[in-house]
């Protein structure tokens, strides 16, 4: 039997709120998704003005990052023509995302879940996802020093 | 050109918080989804202990209720063997939900969106969705009398 | 080699216009789809106020009626529990529709295409689809007597 | 609550008629689709000789352009190997189109919907979609000066 740790609903809120605060700062309304370590959706928010087409993309970025324990932009590099993972972008019915904006949520080298952001440029999406991660890590630090 | 009204992100929070409060009262962790009037997801929450299989079901209940402007349990009655809409349950790749727990969010006979709840019995799901709707309607009343 | 006849784009307009006129008369905004005899979409119209969930349903009713050369309500009877085609409603990824509102467009016992209507009750959908068919048949009569 | 504007059924006709006129001029029968601002189909036409495989492609180009408020050819540039959005072409089950021929319908920097065209070369598709947009913009100008 295994015992695992994963994000709970409150953690997902912290991730989304951290990401949303950054999205508001840069002025780009985003779709933001958080999954657990199994890639299953915990929470989702489409900010007013977030793109309809980004709903599934944000969810799938979080799914990819959590399930593969890898940032989606890393897949972007590994899946270029001639690179080892070329073609992976269309795997899992197109759910495996290789565009930046999906980050795994890790603790002690173990995955707790993933966050996925979409509606801006891939760099903006990644920046906003990182802000969610930063907020969550700050929360963990407060907990452990509390 | 048409001008329409739809739920925004803050409205979706009110709906989800109202539903979650009721889910906590009856002790059933739920998946809760809110879509806009076009059936596109605005917000989703899986409470700790909500069923993984209920994620898509909750989203599709909200989609069905918003898009068809009809409670999903009404489709349940209309789609029984021998009834006029028998067989509709597998339409749209199975997204059209006929199980209770999806309610349209209406204002002045126009759809603003939908709420979908899943993880309990269909009666529990419907009860929790209604609590979300009640919270939203109370919010509208406060606004109009404010 | 086979030579077949099928609806063209102008025929599809006549079918849709005939159906829309009837939908306006009964005051139910509809989704209306016309396919060719291969079940491939020729034309689609969502009237203002037609249901978003009915888009795919109308298209799939036309697809079913054209491809199977059978009214979808006939499948409704044949697919009841205990009847020979029980379970067919979920075939083809749910595209095979057994709810009324899909009618084949036939000429000399050969299929030319199909019309599918959705947004009302199944009886209303069927009534509106029939009006489209009537308009097309009147057009054929005018042509042959012209 | 948000108040938004979107294309209605008459607007969709104007877009399709404008596109079709251009398609006839260049002698390429096209599939032409128009969605509302949420990416939901309002109207579709496959001209006689339009490609069957282009039906879904035209619909998905309109969906992408409306939902992302971006021309699909812009995604084509941004998704080349080595570019930031590489791999996006297979997102949303392959619905996100990066081939030219999808254009958003914008008014005052807000999306009203999208038009998608397919059956020709991507340049022809884009040219025909633009003609639909031009016809709609001419219509708006007539309205505002009328």
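As written, the chain order gives the labels A, B, C and D, with residue 1 at the start of each chain.
Everything that follows uses one rule, which is that a residue touches a chain if its C-beta (ideal position, glycine included) is under 8 Å from a C-beta of that chain, and two chains touch if they have at least 3 such contacts.
Quick caveat: nothing in here was measured; it's all calculated off a predicted structure.
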Pair joined by the larger number of C-beta contacts - C-D, A-D: A-D
Quick check: how many Å separate the C-alpha centres of chain C and chain D? 26
What is the distance, in whole Å, between the centres of chain B and chain C, each centre taken as the mean of its C-alpha atoms? 30
Euclidean distance of C-alpha centroids - chain A vs chain D, Å: 30
Among the residues of chain D, which are close enough to touch at least two other chains? 2, 8, 38-40
Can you tell me, using the touch rule above, whether these chains form a line, ring, star, complete graph or other shape? other
Per the touch rule, the chain B residues reaching chain C in their complex are 2, 38-39, 63-64, 66-69, 81-82, 84-94, 96
For the complex, give me every residue of chain B touching chain A. 8-9, 12, 38, 40-48, 52, 55
Within the complex, which stretch of chain B touches chain D? 1-8, 11, 36, 38-40, 107, 112
Please name which positions on chain C make contact with chain B in the complex. 48, 51-54, 56-57, 60, 75-76, 79-81, 89-90, 93-94, 97-100, 121-123
